[in-house]
Every structure is written in C-alpha cells, then in structure tokens.
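So, here's a batch of structures to check.
Each of the two complexes below includes subunit A, the first together with subunit B, the second together with subunit C.
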Partner chain A sequence: MLSLFSVVFTFLALFLLIPGLFISRRLRLHFSLKNIIRFYKITASKYGDERNDERPMGEKEKRAKNRMPKHVAVILDGNRRWAEKRGLGTSDGHEAGVKRLMENAKDCFAMGTNTISLFAFSTENWERPEDEVNCLMALFKKHFKSEMPYFQRDKIKISVIGNRAKISQSLLGLIEEVEEATKSYEGKQLIIAIDYSGRFDILQACKNLATKVKDGLIQVEDIDEKAMENELMTKCSEFPNPDLLIRTSGEQRISNFFLWQSAYTELYFPNVLWPDFGEAEYLDALTWYQQRQRRFGRRV
Partner chain B sequence: MDLNQSMRLLSSWIAQIGGLGLDLLWRFIHLVVSLWYIVSGIIEAVESYAISLGLNKKYSSINIEKLRCLAVVVDIEEARDVSKVIELLQWLRTIGVKQVGLFDSQGLLKKSKDMILGTVPGSVLSEEIGEKNSSPDQNPLALEFISSSDNKEAVMKAANILLQDYLKSSRPENDKGENFFTETHLNEALRVVGENVHAPDLLLVYGPIRSHLGFPAWRLRYTEIVHMGSLNYMRYGSLLKAIHKFTGVHQNYGT
Partner chain C sequence: MAELPGQIKRMSGGIKQLLEQIFGFSRRCLFRIISMGPIPNHLAFIMDGNRRYAKKCGLEEGSGHKAGFSALMLMLQYCYELGIQYVTIYAFSIDNFRRQPEEVQSLMDLMLEKIKSLLEKESIVHQYGIRVYFIGNLALLNDQVRAAAEKVMNATAKNSRVVLLICIAYNSTDEILQAVKKSCINKYTYNIEASGSYKHEDTDSEIEAKDIENQEKKIQLVDIEENMQMSVAPNPDILIRSSGETRLSNFLLWQTGNSQLCFPAALWPEIGLRHLVWAILNFQRSHSYLEKRKKQL
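Now for the complex of A and B:
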C-alpha cells in the first residue's frame, strides 16, 4: 500500500511539476528546475551520442539519431522591448541579451548541438541610432575578450560571418584573434553573424565564383548549386544548413538571415523576448523540434 | 564472486535502471508537451469555427490593402489533392486577396495549372495581368505557380548571366566584381530568366513541416511566415485569423 502510494505520489508530482515548467514561466523552483534540466541533458545527449555506438542501427535508432539538431540558428529578437517593459535603457536590454546568449550557448553545446549560429547584428541594424550601434559594438568587444577563456577551455571554434567592411579595426582585430585562437577546435562551433545579410551572402558567393573563373581555378560549366553552397559564409561549418531556426519575440519572419541555407530548416517562433528565453524555453523548442517529421522535400 | 565483481555488476544494474528511468522521464516530457499542443489545437479549432461563423466581430473587417502579395507553400504530399488547393483559393478570393503565389517543391501545382485556372472563378496568371485590356472580372485573382526550379536553380542561372557580363567587360585587374554583383543586378538577371522578384508579404505554409520548403530564397527577406497545419484540415477561420494578424504586424526592418 505504501509503495503504491509513493508511486502515485511521484507520478502526480511529475505531472504537476513538469507542466508548470511549460505553462508558467514565473515558476522558478531552482533546485527542481536544475535537476530536471540535468536529467534532460543526460537523456538528450544519450539520443545524440552516435560516436560511441558501434552496434548496427535499426530504423528506430536511425530516427533517434536525427532527433537532436546539429545546427541551431537563433535570431535574437526582443532586447529593446525587454528593456522597455522594465523601464530600462536599450543598452541594458542588449547586455541582458548577451548574457542570455552565453548561457543558452552553453546549454546547447551540453545537449549535443554541434553548431550554433547567432544573428547578432544585421546589415539593416546600421540604421539604428548611433549610440545603440556603438553600444552593441562595445558589447561584442567586451564579450569576445571576457569569454575567450571559456571558448578555449571548452574548445569551441568561433567564426564570425558578415560583411567586415564597416567594422572598426579594433573589433576586427579582436575577431581575428579569437578566430585564430580557436580555429583548430572541432565538435563545437559558435557562428556569430555581424553585419550579415542573406542576400549579401548569396552575392558574395557569386563574386567569389566569378573571381575563381577569372583566375582559371574553375570553369563556368562547374558552377552549380553545390559550388554556390561552398562559397556561402556558412562554408566554415561542418553543418552549414540549420536544422532548427529560433526567432524570439513572436515575430514570424527570418529577416534576411540564412535565406539560402534555410530551405528545410524547422522554423520556431516562440512568443518570448530573447533575454527571457532560458533553459525551459529551449527545452520546449527542442521537444517541439523532435516531434517534427522532416522530409527535406522528398516523398515519404 | 569477489567484492569488485559484485560492485561492477551492481553499478551496471544501476546504470541500466537509471538509463531506463531517464528514457521514461524524457518520453513523459514529450507526452506532456504533446498534450499541451493538443489542447492548444482544440482551442484554436473552436476559435476558428467561431470566426468562420462570424461570432467574433474582430475579424469582420480586414484591411486587405496591406496584403499586396500572398504566397502559399504546400507540402508535396498534400499538393496532390488539388481540390483542397482550389477551395483555399476560393476562400482567398472571398477575403479579397488579389495576388497569390502557389509553391510546392516538385511543381505538382504547376502541372495542374490549367485545371486550377479553369476552376477558380476570376483567376488569371499573374503575368497575364495587364496584357488583357478588358477583363470580364473587375477583381481578378492573379496566380503565380512556383516550384524549386524557381529557387536555387534560377539564382544560379541569374548568377551565370552576371558572370558572363563580368567576364566580357573590360575591368581593372584587381576588380572583384563590386559593380557587377549587386542586389539590383541580380534582381534584373532574375527577371531576364523569367523569375518574379517581388517578395510576398505573407507566406502561409500548409503541411506537417514548419519550414518554407525551398520557396525562392531571394524573395523571402521580410516575409511573414505562418504555419497553418495540414491542408486537409484547413479552416476558413484560421485563414482569416492569420491574415488579420498580419495586417496588425508592424515591421521595423531591422532599424
């Protein structure tokens, strides 16, 4: 009787606690939340761990292999609105956004994601007020310096993609330093898109191909979709096409991010501002992703 | 059996039981999330029927002028049922949409173009709008049929045109093509290969996947993307709600 009661009690506790994790974002039982997230990380990494599995795989196991996204792209939207809601300045919103960014990146890697791409600054963002742009550039400089030990300790390769023409020399130097210091790392990659535009990406790929033809490195007949994809800025990644693209703040568009690469990317548009997008929200996104049936345009 | 062996055996059992427990917990989390989405789906279905019946006054008038171009992406499995696509187009015409791009990756809807144009009253090909001086229908529904060949393949053809222009031109040795490979040039080249470069304002995705399924990437820059679920279970109320929500969206285009 006692054991039956304890089983029922455990079931009810889980049934009430886990829905609370999704339904109420105000629920902050840190001890329980951390333990649940820890359980999840261990289980999720079990699904994504192919390296140690030497058994021949059946159909079900093959499907399980594909259930963790290898490449997650994030459009970090909502920093300004987050700050406005709290009566704070825009710079506070961006600071909170960057802090959330590093926390989420650590969680993603812990869960077995290989590549994380972050749309940190778009080409259109240059039109924002000058002090906001300066604040963002200063934040990039500050965090490239402060997070370097973490990148090196956890062996995370850093790649910055975008049009570097307008970036200041000091930031450019820092970017090159971080990229050089982490270029040999494999298995985890953080791609940061600064002054990036999907259309610009396609155009620069065309230019690169033109230059190669002009220099005699390739023939015109060799130019196809594969050649194009090898010239896009995401060529720095082992997984150039994102499996999952998250855009926070409830806006439902990709705003010129990874236009070519996102043909079969699962699009997830949660209605939460980026600084509020934490572990529970990422868990929700991942669970949602795992329930999708991806066919990459092919017939079932 | 000595103590070490016993300990190893015990550890192995604990690891297996622990693994099973974690597996069950993970599946339980999936179950809870699935139930949550089922409940959300039921609420959405009820709301959709209420909208269809006109019970919700908020959706009785829509500022359709803001929606200049709508695109519909249909999963290839669902594109086989052209009757549902026709029904959707009739609904869109009722709402007042004037221009619709229909996309499926394999071009099945392109192949059924004649049937669709013959069945949906007042529909014409978008390239024919303006060619006919007088149309019996004062509010035609302009249709554009798009497939994957209009995406990357078209961009490659356009890129080849720019490449040919670049190679033929007389240019300085260190010219990397800055004046040849611009958005304006690529837009023009896409028009030359017969592609429409106008970006749809709203993209409705019908199918199990929440992805644009290879819709022409060049055109998707600021397009609102809404997943509508399966075409087989489409609802007029959901369509009206999606369009109404779009008319209330304010974009800052990154600025």
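Now for the complex of A and C:
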C-alpha cells in the first residue's frame, strides 16, 4: 500500500510537479495543470515535426506537420486603454507595451516560430497628439539601443519595414545600424513595421513594377503574384505571408496592416489588452491555430 | 368529414401567413430602432459553410449550395429593408477552380440557373431596383455563364436603389494585378509611340517640362484605384464571414483595411437576422469611437 503510494507520488513528481515548476518559472506562467498540458502539447507537436522528416509521410501526417505557424504577425493594440484603466499616462502604457513585446518575442522564438512581425507604428498614427508620437519614437530609440546585444547573442535578424521619409535622422541611423549588424543571421527574424501602411506597401510595389515595365525590364504579361511578392516590403523575409495574425484588445479590424500578405492568414482576436498579453495567451493562440483547417479554397 | 383535412390545411396556411406578417412587422420595427444609429453603407459577405451544412443535414452534395442561395436572398431582403446601399458577396473564388471538376461543374450550373432567374420579371432585382455587377476575371468562366452575367449587368444598368456586387472568379490579388497591368497599359502605350530620344542639349525649361511629364507618366494611387473593378462601390464597412473561419481568403484585401470584421459561427445556410443585427450593433459601437478619433485630428 505504502509502496504503491510512493510509486505514484514519484511518478507525479517526476512528470508533473518538477517540470511544471520549471516550465512555469521559465515562461513566467501561472502554475496550473492546464498550462503544463498546453506546453507539452505544443512541444510534442514541434518534436513530432522533426521526427516526421525521417520517414515517408501520409496525407494526414503531412497536414499535421504544418501545425506551427512559421510567421506570426501581431498588431499591438490597447496600450492606451491599459494605462487609462490603471490611471497611468499614455507613455506608461506604451512603455509597458514595449516591455511586453520584448518578453513575448523571446518566448515566441523559443517555441519555434521563424518570423515575427510587429505593427509598431502605422502611417495613420502620425495624426496622434505630438507628445505621444515623440514618446513612441523615443521608446523605439531606447529599445533598439538596449536590445542590440540580445539580438546579436540570439542571432535574430532585424528588419524594419515602412516609409522611412518621416522618421528622424537619429532613429534612422540606429535602424540602419541594427539591420547592418544582424543582416547575416538566419532562422529567426523580427520584422518591425514603423510608419507602415498595407496600401502604401502595395502601391510602392505597383509603382516599381510599372517603372520596370516602362524601362522595358519586364513585359506587362509578366506581372504576376510572384513579381508582386518580390516588390513588397516583406521580400526581406523567407516567409513573407503570415500564418497567424493576432490583434489584441478585441477590436476586429486589420487597420491597414498586411493586406496583400494576409490573404490566407488565420486571424485571431483575443479580448486582452496588449500589455496583458503574456505567455499563456500566446499558448492559447497557438492551440487555436493548430485546430484550424486551412484549405486555401480547395476541399480538404 | 372529407372537408376537415382541407379546412385544417387552409387554417394552418392562414395562421402561417399571419405569423409571417407579425414577424415582418416586428422586424421592420427592430430595423427602425437600429437605424437610429449609424447604418453601414456597404456590407460584404463571404458565404462559407454550404458543404458542411449539407453534410450535417445528411443532404446530397449540391443541395448545401441551394440552401445557401435561399439564405442569400433572405439576407438581401434584410439589407434592403435596413437601407444598406451596397452589398458584395463572394460567390466563387479563382482558387475554387482547383476543387473536384464535378463540384466546379455543379456550381457553374447552379450559378447559371440563378443568374438566368435574375432576369425574370418577378425576381428581387426588379422588385427592389437592384443594380447588379459581376466582379472578377470573367474570362475564366465558360461562355454561357459569362454571357448570362453580361446580360444581367446590361438589364439592370438603370437601377439605382441598391447595388449588388457578385464576386465570381475573383481573387483580390488578381484584382490588384489586373489594375496594375491596366494602369501600365494606359499610361505607357501612347508614350511608346512618342518616345524619341532627345539628342540635343536640354535647356532648363525643357528639363522642367520633362519632369512634369515624368510625374504624369508615374503611376499614382488614383490610377490603381480607378482601374480596380471594385471601384464602383465604396469600401465595405462590415465584412461578415459565416461558419466561424477567421480568414479573408483573398477577398477584398485592398478594400477592407479599415472594415469591421465579423465571424459568426453559424454556417452560411443557417445565417439569420440575429447575426446581421449583432454585426451592425458591433459596427455602431466602434463607429462612434472611430468618428470621435477622426474628429480629434
């Protein structure tokens, strides 16, 4: 009786308590059974992907292989509302948002995503009050400087996309420095959209194609989806089209983020504000994504 | 005694009619109340879930789409009663051509049948004064469907009360590419004849003139937008995709940058008044916030 009890207890400790404590400490998660099971599910699917490379795959297994999103896009919405709820200023909200961003990016890469895109600043955001805009620009500068060693240590390639015309010289210099320092890394990429608008992206790609036609480099008939993808700003990435797009704060809109690229993207709208979107919420999003049946217009 | 079943039938028919009238009246009252707030000008629908509905109800293959068509007619009636001016529906995507040939053929047959029925006198098109546009790469359709579509477009050209845009053989990426190609052809074909090379030295005024000419030769935003097939309607205010899938599937990517997206879990043939009302209420909630922000600028 006692031996049975001790066996069961050892089993539980080995497989649940100790790994659970370890996982929840590492991922700053609430220590609960649900989160532990979620983590096991996600890691198992990642491990399953790697093992499946070694043997010939059936139809169902092929589908299961595509279960981890290669490219996750995030619209960071809700900083101001978060600050208002706590009686803080807008700048505190944005500060909390950026901190959360860095934490989440580290965890996302740890879970196996190749590319993460962030909608940091939209072209429409220039119309916000001047001190808010200045505060945001200052935040970008501060964090580019402070996070550079981390990017180099973890070999994360940084790309900044957007219309660079209105950005200050100092920030522009910093951006070019970070891009130059990390341009040779492969496997992990962080795309930051500053002064980006989906329509502007498509328009500048169209203009480039039109100029190429005018200069005789290509014919009108050669303009197809591949040609377009090679002109869009996401051409810096191996996976230009996001598999999963997360917009926090419950608003169900794309607000002019990736338009062309999100043709077949799964859209996820959690009701949580961005500074509250932590590891647990990201695990929820991944679990939800893995249950999606992506057909791309065909029958499964 | 033999009259009894007949009498019962007439009575139940009468009760049914009475109930329908009561429902119709209460629905119109509801719409009046909703119209107190802002009403969307343009509604877009992705009619997803017909095949799953057929499987769920144990029907045969093509009948899911038929049930979907009746649901569509119902939605159009509600939109008309609410006063929504533009309705766009995603009938057939270019990707759907990759489905099984039998399914594609049955869909084409169904569409041909329904398009032809639009030309009849009693159809809703004439009843509600709907102008119909067929948007998409019509060259990919077979000749019969294309001819019928063009006939309907011509027949309804004079209507103006409501505009119905049916996206058939449509892909948003394809639409954008066609717009770029058209802009290129428009802008540059006449320049090909006029492009002699200037061998002599350019004076200042000539350089200036050339600059202005170069600007005109460049593609602007307005060129692309003019050449988009969807330019006949403003951008959608709400996009509703049934069956709970939360993706755009290459539909109106350019136009829905700022639209409210709604993803009710009901399959398309099950969609009803409550989903429409819920979508509009959500639109009204965020619309006032967006208008307030626009006013702050």
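Things to note:
The rule we apply is simple: the second predicted complex is superposed on the first by the 247 of 300 C-alpha atoms of A that agree within 3 Å, B and C clash if a C-alpha of one lies under 4 Å from a C-alpha of the other, contacts with A are read in each partner's own complex, and residues count from 1 in each chain.
As a convention for this text, a residue touches a chain if its C-beta (ideal position, glycine included) is under 8 Å from a C-beta of that chain, and two chains touch if they have at least 3 such contacts.
These figures come from a predicted structure and were not determined experimentally.
In this superposed model built on subunit A, subunit B and subunit C take up the same space, so to speak, and clash. Taking subunit B and subunit C in turn and counting the residues of subunit A each one touches, the greater count comes from B. Contacts of A:E127 after superposition on the shared chain: both subunit B and subunit C are touched.
In the superposed model, A:A138 makes contact with neither subunit B nor subunit C.
Of the two partner chains, subunit B and subunit C are each touched by A:Y264. When both complexes are overlaid on chain A, the residue A:L217 reaches neither subunit B nor subunit C. Residue contacts after overlaying the shared chain place A:L172 against neither subunit B nor subunit C.
Of the two partner chains placed by the overlay, subunit B and subunit C both lie in contact with A:C206. None of the stretches 3-11, 129-137, 147-155 or 201-209 of subunit C clash with subunit B in the superposition except 129-137.
Overlaid on A, the two complexes show subunit B and subunit C touching the same residues of subunit A, namely 127, 198-199, 202-203, 206-207, 209-211, 213-214, 220, 223-225, 228, 251-256, 259-260, 262-269, 292, 294, 297, 299.
Residues 127, 198-199, 202-203, 206-207, 209-211, 213-214, 220, 223-225, 228, 251-256, 259-260, 262-269, 292, 294, 296-299 of subunit A are the ones touching subunit C in the complex. Taken in their complex, subunit C has these residues touching subunit A: 51, 93-96, 98-100, 103, 172-173, 176-177, 179-181, 183-185, 187-188, 191, 217-219, 221, 224, 245-250, 253-254, 256-263, 282, 286, 297.
On subunit A, the positions that touch subunit B within their shared complex are 14-15, 18-19, 22-23, 39-40, 42-44, 46-47, 122-125, 127-128, 198-199, 202-204, 206-207, 209-211, 213-214, 220, 223-225, 228, 251-256, 259-260, 262-269, 283-284, 287-288, 290-295, 297, 299-300. Across the interface of their complex, subunit A is touched by residues 19, 22-23, 25-26, 28-30, 32-34, 36, 76-77, 105-106, 148, 151-153, 155-156, 159-160, 162-164, 166-167, 176-178, 180-183, 186, 208-215, 217-218, 220-227, 249, 251, 253-255 of subunit B.
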